[in-house]
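The two complexes that follow have subunit A in common; it is paired with subunit B in the first and with subunit C in the second.
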Partner chain A sequence: MATVTNTPVSDLLKSFKLKTKQQELLIRVSILCLVYILAFIIRLFSVLRYESMIHEFDPYFNYRTTLYLTQNGFYDFWNWFDYESWYPLGRIIGGTLYPGLMVTAVLIYRILHFLRFAVHIREVCVLTAPFFASNTTLVAYFFGKEIWDTGAGLVAAILIAICPGYISRSVAGSYDNEGVAIFALLFTFYLFVKAVNTGSLAWSLASAFGYFYMVSAWGGYVFIINLIPLYVLVLLITGRYSMRLYIAYNCMYVLGMLLAMQIRFVGFQHVQSGEHMAAMGVFFLMQVFYFLDWVKHMLSDTKLFQAFLRITVTCAVAVGTIALGLGMLSGYISPWTGRFYSLLDPTYAKDHIPIIASVSEHQPTAWSSFMFDYHILLFLFPAGLYFCFKRLSDATIFIVMYGLTSMYFAGVMVRLILVATPAVCLISAIAVSATVKNLTVLLRSKNKGVLTGSTKGSSSSKASSKALLDQSQPFQKNGAIALLFGAFYLLSKYATHCTWVTSEAYSSPSIVLAARGAHGNRVIFDDYREAYFWLRQNTPADAKVMSWWDYGYQITAMGNRTVIVDNNTWNNTHIATVGRAMSSYEDEAIEIMRSLDVDYVLVVFGGVTGYSSDDINKFLWMVRIGGGVFPVIKEPDYLVNGEYRVDKGAAPKMLNCLMYKLCYYRFGEMLTEYGKPPGYDRARGVEIGNKDIKLEHLEEAFTTSNWIVRIYKVKPPNNRW
Partner chain B sequence: MAREKSSKDNAQALFNSLRSAYAVTPVNLKIIDLYVGFAVFTALIQVVYMATVGSFPFNSFLSGVLSCVGTAVLAVCLRIQVNKENKEFKDLPPERAFADFVLCNLVLHLVIMNFLG
Partner chain C sequence: MSQKIRTAPKQDSQSTGTIAVADASAQVSMDPFFHILKLVPYSFLRPPRLRLKLPSFSLPSAMTVFSLILLTYFMVVSGFIYDVIVEPPGIGSTQDPATGAVRPVVFLPGRVNGHYIIEGLSSGFMFVLGGIGIVLLDLALDKNRARSIKVSYSIAGISSVVIAYVPGYLYQSFELKLFY
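Moving on, here comes the complex of A and B:
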C-alpha cells in the first residue's frame, strides 16, 4: 500500500535534496568554514588565560610603529627618524623596517572604524596573526587544489590550520612579521604556480603583487627570489621549457623587482646584492632559451641550427661569466650578507658574528623540535614526496623543490621551521588524500565488480579472473577498512598533539611569567610591566636607560624612555660598548656610562624566582660581543677552568664586574629557599660568592616585587672643591 | 681556407634562411617585433648615456632602463599569446591577451612614475 498521505511533505523534502555535485560543494564549503574558524580560535589560548597583550620583544617595536602610524599618518611614518632609541645615534625607522605588517594592521583598524566598531589598535594588533593564519588555510586549500585535487586541498587546509610549526609564530599576541609573511609567501607561490599552469599574464601580475606584499612584510623574501629562479632552472634542465613558463617568470620578475624596489629598506638590492643575482641570471637565461626556441622554429635545417646553437650558447655563457666575474671582483655586486651566509655555512656565525650566533632562535634544530612541531607530518612528508614523483607535473615539481629546500633550511636554524611548514603540510596532504582515495576506491570497487560480473555475460577467462577477484575481495575490503581506521586514528592523535602543544608550549606571553605555587595555585609574575611602568611614571621624560639589547623595544614601547641599544642590533660597536660597560669594574663602567649620558641602568635577575633567562645567564654573550670589538675584555678572565661560576670559586673579575654587582646588590641578605643559606641563587643553584656589595657611582632606584627587574640610577659626579 | 669559406657559407646560409622564414610572419607580429626592437634600442641608449654621464640618481636610471626592458618583455609575452602557431594558446582570444598586456603595462608605468623620483 503506497503512503499517499505524506505526499506534500515528501515532495517538499525531495525539493531540498541536492544533486551530488551540489552536495559535494556544500560539504567543501562547510569544511572550509569550520577550518577557518578553527585556525583562529586555536591561537587564542593566551588571550583567554592572561589578557589581550602583545608578547615577546620584537612585537613591541611593531606595536609602537603601528601606534605612530595611526596617530601621525603614512607620510610621517615613512619619513620617521626616531631619536628615542640608539642614543645618541638615533634610528631612521622609515628606511629600516618592513612596513607590510603595520600597514595591514592599520588598514584593518580603519575598516573596522569605518564600520563603526570602535576597537583599540592594540586589539587589532593582537588578533592580526590569527586572522592571517585563517587566510593561510584558504590559500593552502587553493594551492592543494592546483597541485593535486580538491581532496588534497581540504586536507592541506586542515593540517596547516593546527600545525604547531606555524602556530608558534602566529599565536594571538605575537604581532610579528612572520604572522603576515607566511600568508604572503604561500599566496605568492600559489599565484606563481597558477601562472605557470595557465600561462596567463593576469596571474603573473597577481603573483608580482603577491611578491611585493611579501617583500613589504619580511626579510625572508630572499627565499622566494631564490627559490623561483631555482625552480625555473630545474624546469629548463628537465626539458619542461614552455611558453607559459616564459610568460610567467618574466612578467613576475620584472614587475616584482620594480615593485620590491619601492620599499626603502630593500632599495637597490635586487640589482646590486649577490643574494638576488640568481634571479637576474635566470632571467637572461630565459631570454636566450626563448631566442633559441624561436630560431629553431623558423629554421628548417637542423644542421645549420646546431651550428647556430653552439655559437650562441658559447657566446651567452662567456658574456654571463664575464659580467658576473666583473661585478663580483669590482665589488659592485655585494657578496652574501652574514645573516644569509650563515644558512649556507652554519659554522660561520659562531666564529665571525657573535650577535647572530647568540640568538636562541638561530641555533640548529634538534630532532625533538622537528617531532614536536610536525608530529605525524614528519613521516607523511616522504610518503607525499613519493606520490609527487609518481605524478610529475610543473606544479608538483615546484612543491617538491619548495619542500626539500625549506627542510634543509629548517634543519640549519630553528626559526625556519616556520618557512617549511606550508610545504610539509601540502606534501603530507597529498599523501593522506591519495592514500585515503585509493582505500575508498577499493572499498567501493568490490560492489561494482560483483555487479558487472553478474549482469554481463562475460567470457570464460573473465569469469575465472572475476572469481579469483571475488575470493580476494573480502580480505582487501577488511584491509582497507582497517587502514582507514588507522589513518583516522593517526589524524586524531595529530589533532590532540597540536592542541596540547599550543596550550602548553606556544601560548606564553614571555612578558608575564606564570608558575605553580606551593599549593598548586597559579602564581603570576608581572614584574616586567611593573618595572616599565615605574620607569614611565617616576623618571624624567628625557632619561636615558641602559640595558642589554633584548629589552630595548619593550622599554621604548612601554616605558616610553630613550634607550641606548635595542633589538634592531644594527650597530655592533654600540652594543659592544654596552657589553663592555656591563663587564668592566664599576670605575671603568661609570666612564663609559657618563660618555653615553646614561641616567638609569636596567638589569634582569632571576635568582629569587628561579627564572633562567636573566642577564647573568646571558652575561657570557655580553663578554663575547664586547670582547669582539674591545680586546681589553677577555672571556677567560670571567671563567674558572673554562667553567662559568658565580659562587665563592668564581673568577675575581666576575665577582666584581658591574653586572654581578647590579644583579646581586643586597641579595646576600635575602633568604630565597627554606633550608638554604641567605644569598642562594635559585636560577644557578649555588650560594653567591660576593655578598658584601657596595656601589659607589650608582644607587638602587627600584626593584620589582619578585626581584626580576632591577633599576639603578647613575649618580651625578661629586662636586669639586 | 676551405674551412673559412665553409663557415662563411654557413653564416650566409643561416642568415638567408632566417630572413626568408621571417618574411612570412604575419604583419601584426612584425609590428610587435618592431616595438620590442625599439624598446631594447632605447634601453641601450640609456645605458650608454649612464656610462658617459654617471649614474647619480640611480633610481631614475633603473626606472628608465627597467621600463624599456619591462615593456619589451611584456610585448614579447603578447606576441607569444597572439601568435596563431602556438598551440597552447589557441583558446585564448587575442582581445584578452591585449587586455592583459595593457593592464600589466599600466601597472609597470605607474610603478616607474613612482620610482622615477
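Moving on, here comes the complex of A and C:
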C-alpha cells in the first residue's frame, strides 16, 4: 500500500535507476573528471602562495620566445637571430630550439582570445604545464585500458595525477619542455600500441603525428626512436611478427621521420646521427622479415625455404653491417653525442665533459630520490611486472620494455625519473588492479560458490574442493576484507606523501626564496627580481652583463639586457672565457672583460642569508670549465690540501680572484649572526679570510636588500696616466 | 639436420633414398656458396667427419626472464650506479659528544639526493621483497593448490608487504626534519 501512495515519486526514481552498465559508465566518467581536476589543482601551490610567475631558469627563455612569437608571428619566430645573448656571437634561436611548447602556448592563447578571454600570455604560460598534466591522466587511462582493462586504466590515471616524479617538472610556473613532452611521449606510445594491437593504418598515421609533436617538443624524443625499434626487435625475437606490427612500424617510422625533419633543430639527424640508426636498422629488418614471409607463402617446400632463409638472413646482416661500417668510417653517420653517450657509460661525463657533469640534475640517482618521487610505487612495480609476464601480449611486452629501459636511465640520471614515471605508474596500476580484483572476487565468490555447489551436479573433486572452500570461507572473506583495508591504507599514505612532497619540495619558484624566521614565520627573499628590475631601469639599453651561465636566461627575460653567456651552453669556449675571467686576478680579468665589452658583472652571494646555491659554491665548476679550455687555470691552485676553503687558511689565489673579491666586497664589516665575528659567511659556516678588499677596475653598482645579488660596474679605462 | 650445408648433401645423397636424392640435388643446385666452396678449397681438401652441433637457441621462459629483471631492478633501485660513480662510504659515523664513542649513522642526513651504500642496498632489498610479497599473495589466491601452501603464501605475502613499507615509514620520519 505504501507503493500506491508514493507512486509518482517512486516512478520518477525508477526512471532514474540505471542498469549496471550505465552505472559503471557513470562511475568511470565521474572518477576521470575528478582525477582531471585533481591533477590540475595539486600543481597550483606556488601560484596560491606567491603569485603567478615563471619559475627557475630555463622557463624564462621559453617565456621570452613565446612573447616574441605572440608579438611577431611565426615566420619571424622561425627565422629569429638573437643578438641579445652570447655577446658578441649571438644565437640562432629559430634553428636551435624545440618549438612545440611555444606554439602550443600561443595556440591556447589565441583560442582564449577568440573566445574573448583577454588573458596575458604569462598566465597561459604558467598554467600550460598543469593543463597538459591533466591531459596526460586521460591518456594514461586509455593506455591502461589498452594494456590491461578499465580498472587498471583508472588506477593509472589516479597514480599519475599525483605522482611527485611528474609533478616536479610540471608544476604551475614550470614552463618547460618536459611539461608538454611527457604528454606527447605517452600519447605517442599509446597510439603506437593501439596501432600494433589493431593493425589499422589510421592509428599508425596518428602515432606518426604524435611522434612529430614529441620531436617538436623535447630533445628526449631520442628515447622514443630507440625504444620502439627495440620493442619491435623483441617482438620479432619472441616470434610475434605479424602484419599488424609491419603496418604500424613502417607507417610510423617513415612518416614520423619525414615529419621530424621539418624541425630545423633536428634536421637530417634521422639519417645521419648514430643515435637514430637503430630505427633504420630495424626498418630494414622488417622488410627482410616481410620478404621471407612472402617467399614462405609462395614456396611449398620447407627444406628449400630453410636454406633460403639462412642465405637471406646472412646476406642481410652482412650488408647491414657493411653499410653501417661505411657510414661511420666516412663520417656521414655521426657517433653518439656526449649527452646521450653518458647515459650508456655514466663515468664518461665526469672525466671528459665537465659542463654536463656539473648540472645537478645529471647526477646518478640515490635510493632516497627514488623513494621521494615514487613512494609505494617502488614495490608495486615488480609486482606489476609479474602480472605482465603472466599475461604476455604485444601491449604488455611494450610496457615492460618501457618500464625497464626508463628505470635504468632513471638510475643513471636524476632528471630522467620524469621519463620513467608514466611507465612506473602504469605497471603499478596493473599490480593494484589485479590484486584488488583477486581480493574482491574472493569476497564475492562466497555466495556464488554456495549456489553452484548446491544446484549444479559437479564432480567429486570439485565438490570436495568447494567443501574445503566453504569451510574456510569466513576466514578467507575476513582476510580479504583486511587486505583490502591494507591496500586502502597504503594508497592513502601514498596520496598524503605526494601532497606533502608537492607542497614542500616541488612548489618553490627558485627565483623567490623562502625561509622560516626565528619565530617560525615565513620570510620571503625576492632579491633576484629586485636585481633584474634594477638592471632594467638603471642601466643603459645597450649594456652588456657578464654573469655565470645559470642566470643568463633570467637576465635577458626580466632585465632586458644583453648577456655574455646563458643557459643554452652551446659554446663551451665562451663559457670557459667567462670562467677564466671569474677565477683570475682582477688585472687579468679586466683585460678579458674589456675584450668582451662587458659593462656590468653580476654575482650571486649567499653569505648573509645562508643561501647555499650561490656563486662561491659553484666556483669550482667555473675553475674546472675554464681550466678545461685555458690551461693557465689550474684547480689545485684554489684548493688547500684538496679542500675548498674561503677562510684564513684558503689558498692565496682563491683569496684574491675576481669572484672572491666581488662576492665579499664590504662583507668584512657585516655582522651576519649574533655571537659571530663580522664577516661570518653563513653559507659556508666560516669567517672569511680576506676582509679588506679593494677593487681597482670595478665599482659596486647595486647590492640587493639581502645581499643575494650583487652588481658591479666596469670602470672605463683611465683618461690620463 | 644440424650440419653445415656444404657437408650435408654429400652424406645425404649417400645414405638416403631417391626422394632424398632429388631433395638433395634440389638443395645442391640452389646454393651458390656451396658451388663456390665445392670448387675452391674442398675439391682437394677433405673435411673431417665431426659430430658438431650448432648451438640451438631457445628462448628462456617468461619466469626466468622475470627473475633476471627483478635482479636488475634491485640493483637500479638501491642506487648501484650512484655507488659506482660517487663512491659514498658504506655507512656514516658521528662522534657522540658526551662519551666520545663513534656511533654509526645509517641514513645520510641533510639531503635527498645522496645515500650510504648499506642504506641503499637494504632499502632496495626491502622493495623487491615487497614486490615478491604481492606476487605471493596472487599465487595464494590461485585455486589449484593445497590449502596449506595457500595459507603460507598469503602469510608470507602480507608480512613482506608490511616489511616493504618500513623504508617509507623510516624515511618519512627523518625527511620531515629536512624541510622543517
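Note that the second predicted complex is superposed on the first by the 703 of 721 C-alpha atoms of A that agree within 3 Å, B and C clash if a C-alpha of one lies under 4 Å from a C-alpha of the other, contacts with A are read in each partner's own complex, and residues count from 1 in each chain.
The rule is simple: a residue touches a chain if its C-beta (ideal position, glycine included) is under 8 Å from a C-beta of that chain, and two chains touch if they have at least 3 such contacts.
Remember, predicted model here, so these are calculated numbers, not experimental data.
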Query raised in the report: In the superposed arrangement, does A:Phe381 touch subunit B (first), subunit C (second), both or neither?
Result: second
Query raised in the report: Which holds for A:Ile111: it touches subunit B only (first), subunit C only (second), both, or neither?
Result: neither
Report task. Applying the touch criterion given at the start, work out whether A:Leu304 contacts subunit B, subunit C, both or neither, answering first, second, both or neither. Result -> both
Report summary line: In this superposition, the partner of subunit A with more touched residues, subunit B or subunit C, is C
Query raised in the report: Of the two partner chains, subunit B (first) and subunit C (second), which one does A:Ala515 touch, if any: first, second, both, or neither?
Result: neither
**Report entry** Touched partner set for A:His497, first subunit B, second subunit C, both or neither
**Finding:** second
Report task. Using the superposition on chain A described above, determine whether A:Thr238 touches subunit B (first), subunit C (second), both, or neither. Result -> second
Query raised in the report: Touch check for A:Leu326: first (subunit B), second (subunit C), both, or neither?
Result: neither
Requested in this report: Report for A:Ser200: first if it touches subunit B alone, second if subunit C alone, otherwise both or neither.
Outcome: first
Report task. In the overlay, answer first, second, both or neither for which of subunit B and subunit C A:Ala318 touches. Result -> neither
Query raised in the report: Do subunit B and subunit C touch any of the same residues on subunit A, and if so, which?
Result: 301, 304, 307-308
Requested in this report: Show which residues of subunit C lie in contact with subunit A when the two form their complex.
Outcome: 5, 23, 26-27, 30-31, 33, 59, 62-63, 65-66, 69-70, 72-73, 76-82, 84-86, 107-108, 112-115, 119-120, 123-124, 126-135, 137-138, 141, 143, 147, 154, 158, 161, 164-165, 167-168, 171-172, 175, 179-180
Report summary line: Interface with subunit A, subunit B side, in the complex: residues 10, 13-14, 17-18, 21-22, 58-59, 62-63, 66, 69-70, 73-74, 76-78, 80-81, 85-86, 88-89, 92, 97, 100-101, 103-104, 107-108, 111-112, 114-115
**Report entry** Contact set on subunit A toward subunit C in their complex
**Finding:** 237-239, 301, 303-304, 307-308, 310-311, 346-347, 350, 360, 363-372, 375-376, 378-383, 385-387, 389-390, 392, 400, 404, 407-408, 410-412, 414, 431, 434-435, 438-439, 441-442, 465, 468, 472, 479, 483, 486, 490, 493, 497, 504-505, 516
Requested in this report: Write out the stretch or stretches of subunit A touching subunit B in their complex.
Outcome: 199-202, 204-205, 208, 242-244, 246-247, 250-251, 254-255, 257-259, 261-262, 268, 271, 290, 295, 297-301, 304, 307-308
